[in-house]
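Letters A, B, C and D mark the chains in the order given here, with residues in each chain numbered from 1 onward.
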């Protein structure tokens, strides 16, 4: 980690934060407090010994002095990309923090993602009040609506200016955050004092420097139900096989966590770990052995796993436009069936894809708290004039991270970590299922 | 209803039921008590006036005199077809009733459906005890395992004889029950005194003369979660559309009940009600109007609805063996997308098929009770020497029905019933979506 | 049942019901259709033979001709007594039926029970619209608020007149329904044409001639969770005892159903079945035997059970006003502890009273449907000019019952029924725990 | 934190850990790796500048060399104190780790807490196998049973010797851990090589140096249901008040988390924050103001809050032995009722104590994972010969802590933390409710 973790600021903070009656002296975070990004004591000592700066993050939280004037600051909120448990909790807390902590009464909600930030699309903005958001944290989805894709930053900044917005909170994933950067750049180009604060949304939990993203716990918790269902189906049949495909385009965090939490899967297939289907050390051989021994099997597969099986066929499928053939779950189902049929093993395969059911759930209580805290940290970031910034969570601390750094590459499962060894231990699957 | 509703009996009951300490005089059902199959007072009076016999069912329940000797009767249990919430509750109660009410200690569980009744398939039978079944009612699936398809009745009766089984409890749907009839016929051919008692399993709730089948309540209750998810997804997008496909090959009971229970769907499509896609009164026009007005829509479709769209293409698809093309949910998704794209309406469609998750659930408490009661009625039927019989539930009474009668045709939704008018009212969909 | 089951009507129906496009010929219920109250075929035949009228109920449902003018009828809704799962579903459906089926746009909600019907209490009435009630069926409680106790019928009828109300829907239990009768009497005294339609609310399921009351299924389903908790606590301790007190002042329906649904309790104590504590056949002896054999025990007790233990002490407690001493759950806990301590049996007792958690739940999907159907039947009753009437459910049919008849005595568990024998069988408890 | 955080070890590790095929080089934790206990970068730099040692914990995890011989090590497990979600998950993972990672097949479960470690109590030990523990993680409670109170360490060590136990895993709270220390001391006295490894169990989450204890998330998540119930009850009545008492003898973590997660409570009372009832700034005044403004209120109170109200009355109550009067929930209910009655404010108070229902739940999926990880860390600690040690979790790292240190004082809510300010913000309650 040699990245520059300094956060951009719009200017000097000179307004006093209106918390005196609530937070005592120590409740405020000193403006330049940083938390170390490594906790290994020996390593820290080595860094210091060799005079290498210890990598660290700016610590999130309320500042005694803020940049924008409490009571006068105008904010906007936009939610982008697929829905994720907790979106409404985040929206709610941004509104509540503005109202009751900073006395800001003008918070606009943009409809349907960045599309709602472009005037000519004709979507009205919604003035958000405590009454409107009071109970939304118990509902899944997003009251603002969402959409995929970016929009012209010029048009979006026009809209921000027109509405006199001081701070824009963008809640979304990689693409959204890159869009937020473009907005920040356009703002800088125009020399405006508008802060762009990102709240990272990734149900896959795959953003760098962020230990945990909101909605992730809810997602893998819900995935557990699908795994239990698959297990029940599998056990009810002679050579019953249950396949559950879970979210995880580039990282297998949901698959891994749901596997450990349920203790049921016999195979957990993720994008980070290559596997072959055929051959004596391939997945199909191992699966067959498991079936012969125990008469049923449960497989959890992250949607991004095994994509290599589709690369050769790409052109062919492009022509027909059939995206379903890239579905690793259905592909496995077909290949397993062919393999077992060839070996005269009668079987019953049930395939479950619970993705939409998972995404639309309200957050678990623990996620709900996490959403509130992220949103609060975001509002503190915005009010203190930080911009082009993301709210993160690392080793137990809420942090501020430059958007640029966090979106540079995806977080992936370290196959030497205790997380992955727990998966191997739970499933009993081989460390490697590739033929040398 | 002109069918003969008389139940076959193996012979005269002369053993005394060992319930004296538990049930007082009035707790036993007189052996020939019947309940009327119609409750309309005027109609009953008309029947009597014209000397037409009032159709009626034999009432289920414990008899003072039984055919098989308590303490000595040997039973077998087999579960067939797809899994259904409550199977384990039924198994549990059959075992418990035999043990604690009739003092019968030998109850065999056959593995994997009728396949387990054919010796050469090599499956062991399992002696079921209270210890084994004590807590299984809280688990989904079936501890016995299941399979589809019938087996040679000759071989199955061989097995029953070999194990000295007096009563066979078969839990399954239409096909299973027809298989049970064949077994009963083979038994009759051999002049054996073995009773065949069926417990109807149809998650679709589509067996004639049976108001409610076990697992059905659990099924539509679980389907509600998928509908709420679809609604959340739909509302989160501009012209968001959520499609939920639920079980129901010939009857739309799950679709209808889940629609009324959630109040969310705008369209409920079932096998009993024809609909067109195109044309000014077709489904796509009505859907488009709904979207223009409200910006989102939820559609619940029973898997057996709209099968007419596949009939023309049948040969074509038969050749390729591609069953997926008959998936009405995916078909609707594609047709809706084409239609809206053609009319330049941007949209987002999410398709949810929760079937396997629904099937594998443990029963709701209410279903759990119902399972116990069905199983108890089944054991009373068997012990009193009734055979070729099914346990039913009609107008608040548990009944005995000849298997033959119940499997003759499927129960369907009466589109003049309050059930269907409730659906129309909840959805606001037109009574008919066909072009004249 | 020799009661007069004829329903009062306000006058001749001459308006046409506006359902033509929705319900076809057979969808309407003939105005005098009745359903028999007994289903025993032999009994029916005997009645007819001896020329005794078969007891029967008026069948609920939409009528072709109605008394009040569709589009012009003004309604009021009031919820009284303790909260119960499904209240909001009932309110919602009354509003929706009026709006979309009868085109009536003025439906007033009275706040906080009958108190809201007395002008001088100063509560505003709330105009209820589809927007307000759209999603309330997923929330527990009642959006109208509730209170206990009756009010002066004169003042309440004044208020109804002032608001030009044609139909008042009262949702409540025994006391509420008797209050409704008083209102109906006052209306009759003034010669007004205002219909009073009751929807019986009894979480205990103890109203006569009504097989099932709304919220009851949700209540016993929720009670199951408490029983599982008690069982877990009990099993975790040497001679662990879990006591769960459930609702049921005069009837043990919740206790019985939750017992059968969970299969966990070893004792189910209800108001209908007397029991002694001491003596060789008393409860404490049986409990001790159970503990010696199995090391743990679970007891479900209805709140109305064992009240005889408090009668002697009544004056004493009345003086101190201490109602807690009548808590049979706490009383059992104390007595069990004393008994076991006396016999030197170390033990651990956990007492759970889940009542408020149960009452406040939203309805299960099955209850949700039931609430809608009850409400629909209620609106049909009101629009057709029926008054002083209750909506019931009997042997699978929705019915209309005179309020007077239904509130005369409470429904209780028949200890010869299959319900109670199922309880005995599940628990293994003795038929009688009294010393002769 | 000036405590000595060095962990005792039984001797030199010379056996090779049998993980080679599972964990690669980097998967093992170097034997003396430590993680810093502070993450404030400035503070760390200051420590180093002034040559003060940075406080740090030993990092948990698998070691390349172990003390006990894999395949030969005998273990014991004991669960003590009240039940807590996740106990079975911890037991399961200890067994699985021993079986499949260290090839140890002898793991004994002691019944009913420390009582099971004293031979003369007559409890059998249970040999735990993968078959026995396979599915227990989905059940609440503990399959071993539990009890409160310590036993004679001499007798307990006798039993350990008799069974040739090498490692004893004690799962319990403060008292249990102090008992574990006594066992460790007795072992040291005898010069035995038996390791004592503690897994801290505190549903209140109040053990020092441990950010999160297992079962805590499940506990506050379940408490949310009770709060929603209280809110529903409160809103349904004019001046409705819902009181929920949650666990938390010395610390209000459950109360605080459940408050933030639900956003419903208007008052959160915890042991760490003093409050008065009477006076213009007392709780009752603030509650009354809330009621006048909003007509309902929800109060969450930790069981240890407001104990000062009972101190004066202590003797009096001791004499009568009436423990109920120390129940702060009931006390508040009574005081609120008196206060409001005195001020002629009609009201309805509902009091919910969900403790036993909470304790007996199975763990949430996230807690389930945490339990597995704690148990794995515990087994690594034991196998590597660490003793008198506790498994902790701090700033995202699993750690080893001397039992002695962790039990010295309880962790409490820092009222300057973002946790408590979130509570203040959510409830809107005053920072202080004491009269100066």
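The working rule: a residue touches a chain if its C-beta (ideal position, glycine included) is under 8 Å from a C-beta of that chain, and two chains touch if they have at least 3 such contacts.
Everything quoted here is computed from the prediction, not taken from an experiment.
Chain centre most remote from that of subunit A: C (centre = mean of CA atoms). The geometric centre of subunit A is 47 Å away from that of subunit C, both derived from CA atoms.
Look at where the CA atoms of subunit B average out and do the same for subunit C: the two points lie 29 Å apart.
Note: centroid distance subunit C to subunit D, computed from Cα atoms, is 41 Å. Residues of subunit A in contact with two or more other chains: none.
Pairwise chain contacts in this structure: A-B, A-D, B-C, C-D.
Every residue of subunit C that touches subunit D in the complex is listed here, in rising order: 83, 111-112, 115, 123, 139-142, 145-147, 225-226, 228-230, 232-233, 235-238, 240, 242, 348, 350-354, 356-357, 359-361.
Residues of subunit A that touch subunit D in their complex: 21-27, 33-36, 39-42, 44-45, 48, 54, 56, 59, 61-62, 92, 96-97, 100-101, 134, 137, 211, 217, 220-221, 224, 257-258, 260-263, 364-366, 368-369, 372-373, 376, 394-398, 416-418, 421-422, 424-426, 428, 431.
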